[in-house]
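Two complexes are shown next, each including subunit A; its partner changes from subunit B in the first to subunit C in the second.
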Partner chain A sequence: MELFIQQLVSGISIGAIYSLLAVGYALVYSVYNFTNWAFDGFMAFGAFMAFTGITSLFMPFWLAALFSIILTVILSVGTEKLAYSPLRARKAPRLFMMISAMGVNLATVNIINLIYGGVFRKFPIDTLQPIFIKGVSIGRMDLMAGGISFGVLALLWVFLYRTKWGLGIRASSIDIMTASLMGINNNAVAIVVFAVTGVLSSVAGVFYGIKYAVFPMMGIVTIKAMIASIVGGLGSLPAAILGSMILGILETMVSGYISSTYRDLFSFLFLIIILLFFPNGLMGKSSGEKL
Partner chain B sequence: MSSEILNVKNLTVDFGGVRAVNNVSIQLEPGEFVGLIGPNGAGKTTIFNLITNAIKPTAGEINFKGKNILGKSPDRICQLGISRTFQNIRLFPQMTAYENVELGFHSAPQYSLAEAFIRTPRARRIEVDTRKKAMELLEMVNLKEHSHARASSLPYGLQRRLEMARAMATNPELLLLDEPAAGMNDDECNDLIKLIREIHTTMHYTMIMIEHHMNVVMDLCRDSRIYVLNLGSMLAVGTPTEIQSNPDVIRAYLGEPKND
Partner chain C sequence: MGYINTIIILGGINIIAALGVAILTGYTGLFTIGHAGFMALGGYMSAIFVKELGVPFPIALLLGGTFAGLCSFIIGYPAFRSELRGDYFAVATLGFSEATRLLLNNTRSMGESINTAESGIAMLFKPIGPLLVKLGGVFGYMSLPSPTNVFVVVVAVILALFFAHMFVTSQYGKNCIAISQDEVAAQMMGVNLLKTKMIALFVSAFYAGVAGGLMAFYFAYLTPSFFTITKSSDLLAAVVFGGIQSLIGPVITGFILVVFPELLRSFAEWRLIIYGFLFVIVMIFRPQGLLGYVEMNFYFVRIWWNKIFRRGQTSQEG
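After this line comes the complex of A and B, so read on.
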């Protein structure tokens, strides 16, 4: 029973990190209909910027996290301006957008590799002692990662569903041309969407770095977030969160009760089984609700 | 010095080798209501797309309130005061009727994002104000009791009305209606005529209406004029009576009389 609760808490926290990434994919996909593969590099970039902030610039953790968020937002919006927006303006097929995103990703990851080297580094933060409740050990970092991730998601929800800007983004996700004819500035929507994406990838990168390690290829975990958003239903934010939580909990349970060696095997098997029975994902409607 | 609100001069657009609009000119005085008719494929909707800059012309000029608006983005043109409805309804189907209208007010967000998050009294006041105005528009098109229904769940006729309310929410000076009576029966057409006339008299918009229901066009344009487009070119301009007896117009709609 203790093991179960421990793994559950850990699973929720890792699920929350996946949620940030999956929501980032879903947001871009819902508005622009392409998968932003560059997200992978942004996440590693976010983690490395926080790492640099602490080790080289001697910032406290919170300041380094803020530093990382700001730089990742700049990278994300800059990518949109330099790599995606010109393609959209020329009405390029969305496959080209994905390839452009892969290019940005490879460039980002390899530049990080060149500067920092490919070694695994421990995130420079003091390991906090776990809390013991009735013999169950609960990692404080897990609690923090879960709490902050859900906080970020809650803020995003308020932004999307309770503000005019959110209304504009939701309208753009349904029909970007009509939204623009109704006075929504497409460029402003793009900047906001990619800024949000930057925040999500940076926060996810930092927490993932704390939980595991900081290394240039760490963004490969975004493939899990991709699985999670497909399992949930591509392009929908609540579905992305649902898929992420299921995947996070499944993975920690497999690690706890079976073996961590088989963790990824189960994730991918799970994806295949879900898609066999729910081709549009658990909450996916073929072309209905997006955000 | 001209007083036109809209001055379209020698507008031409080619799609590949097809000349969809050929040398079309339209001048409108503020507050006018004109009809734009023509057989299918005449280029009527293309003219709306050109005015809102959803497509770019090959040649010609479009001046709105004395300013050249060519090359401005569609959202900028909307903010300058041109709004439209669509022939094939283009509401945001997953949003409620109210949200569709609320979106129209978006073009002028008078409070900052930070204010929205901490919900300052000013931001809240503007929200309350927007809500009131949106409900007024919904009431005007008789959709008040459907304000929280999803746009896609509304019957067809109501969706058309909702599109009108959404277009009005952007606070236009020029309103372009693209076949508002499409698919409506005679009773619904009569209600629609009443509604459009009410919108025109109370809001003082300048309006262009594309329509195939001749009784709707003839009724609404009885004090003004109708433009007739055929195969991309302007065939005739005149009062409903003039248009109805114009031999070119009759030929365009019904074809050449048989010589026997």
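After this line comes the complex of A and C, so read on.
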């Protein structure tokens, strides 16, 4: 029973990190209709910037996190300006946007690999003692990661649904042309969307780095976020969060009770099973390709 | 000479795998970043056929390719049936290749635990226990025969190119192109989306499997570390640079992308960084790739043939 509760808490905290990533993908997808493959590179970049801030520039943790968020936002918006917006201006097909994003990802990950080397590093933060409640040990880092991730998601919800800027983004996600005719500045929307994406990827990268390790290929975990959003049902933010939670809990249960080696295999099998029995995901409506 | 042979062999293997990706990504418009997984499946399977069952090498290659093709249905059927968006299909391929590598990395420990198991589900797998130990997990599947040589590879490349050409110019190929351009319109014209996509995926995985088999019989051993995501990115790069809807483009770039890093060994670390920037630059300035939409054709052969034939005729007459 203790193991179960520990795994549950751990699963929720990893699920929260997956939610950040899944929401980041869903946001760009809903407005620009392509998957931002560069996202996993941004995540590794965010983690490494926080790492550098602490080890080389001797910053406290919160300052390093802020440093990482600012740099990742600059990278994300810069990518938008240099790699995506010329393609969008030409109304290029989605495949081209995806390939371009893939290129940004390859370049980012391999530059990090060249500078820092491919080794796994421990995130330089003091491991806090876990809290014991009735014999159940709960990692404070898990609580912090879960809490801050949910905080970020709540802020994002407030931003999207309670501010004028959020209204502009939601309008653009329905129809970007009509939105711009109604006086919404397309360029500003692009900057805001990619800045939000940068914040999400940086926070996710830092917490993932704390929980596991910091290494250039850490962005591969974003495929879990994609699996989670397929499981939840495509095209809605709550569904992405639900899917992320289920996947996070499933993974920690598998590594707790069965074997941590085959954890990734189980999440992939889970995806296939869900697709066979719920072709549109658990909460999804009939989606298909958006025209 | 040995060095040039190596380059030709590795280039040829890369060409065959890149042709597979070209059929799927270039012609059908389905983005894949997991073809290394199919290469691994084909490679291991054909190695098992030759080494354990004594099947002749060419037949084992075809069987390995077929096995990879059949395995592709594991992701193909659920993904295409649910009309998964192209982007998420790419995730499914990546997940599949990572899952394959994870399983291959652990074959040895799985085999050992099956061999020592006394009861339970493991008993069902008892017959393949020793085989799994032999596959060797991360240490690799050792001492395979190595019949792959320049001649075999050149013949394989020519056959692969010929059949790929036949495929893309057939009705199936036309259906694939229709899907890549507009799925809804293709469906309205009576193209069966599920069936066409499955066929394209099967052919594509078959090519990757054969390439994996050739690779196994060239190096004479196999380890899962041959088939990482880097390999998949290389194959995708060959198709992106070579051109969408072109066979000859990916063939040329597939070869260049093997030769180039060999010549510039000191740039090895920079290779993927350069690819990354090139992806973006190519998409901005020449999105159709080097030879995009340029169909390879054999008209020049026919013209030469006619010339030679006619010359022969005229000389006879004269």
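The definition used in the following text is that the second predicted complex is superposed on the first by the 286 of 291 C-alpha atoms of A that agree within 3 Å, B and C clash if a C-alpha of one lies under 4 Å from a C-alpha of the other, contacts with A are read in each partner's own complex, and residues count from 1 in each chain.
One rule holds in what follows: contacts are C-beta pairs under 8 Å (C-beta built on N, C-alpha and C of every residue); 3 or more make two chains touch, one makes a residue touch a chain.
In this text, all values refer to a predicted model and were calculated from it rather than measured experimentally.
After alignment on the shared subunit A, the placement of subunit B and subunit C results in a side-by-side fit free of clashes.
Of the two partner chains placed by superposition, only subunit B is touched by A:178; subunit C is not. Residue contacts after overlaying the shared chain place A:164 against subunit B, while subunit C stays out of touching range. Set side by side, subunit B and subunit C differ in how many residues of subunit A they touch, and the one touching more is C. Look at A:135: by the touch rule set out above, it reaches neither subunit B nor subunit C.
In the superposed model, the angle subtended at the C-alpha centre of subunit A by the C-alpha centres of subunit B and subunit C comes to 100 degrees, rounded to the nearest 10.
Shared-chain residue A:60: touches no atom of subunit B or subunit C. After superposing the two complexes on chain A, the shortest C-alpha to C-alpha distance between subunit B and subunit C comes to 20 Å.
The interface of subunit A with subunit B overlaps its interface with subunit C at residues 288-290.
Those residues of subunit A that touch subunit C in the complex are listed here as 29, 34-35, 82-83, 86-87, 92, 94-100, 102-111, 113-114, 220, 223, 226-227, 230, 234, 261-262, 264-265, 267-269, 271-272, 275-276, 279-280, 287-291.
Subunit C contributes residues 29, 31, 33, 74-75, 78-79, 81-88, 90-92, 94-96, 98-99, 102-103, 106, 183-184, 229, 233, 236, 240, 244, 269-270, 272-273, 275-280, 282-284, 287 to its touches with subunit A in the complex.
Interface residues of subunit A facing subunit B in the complex, by the touch rule stated above, are 155, 158-159, 162-165, 167-168, 170-171, 174-175, 177-186, 288-290.
Taken together, the subunit B residues at the contact with subunit A in this complex read 52, 54, 73-76, 78-79, 83-84, 86, 90, 92-95, 99, 102-109, 113, 116-117, 166-167, 170.
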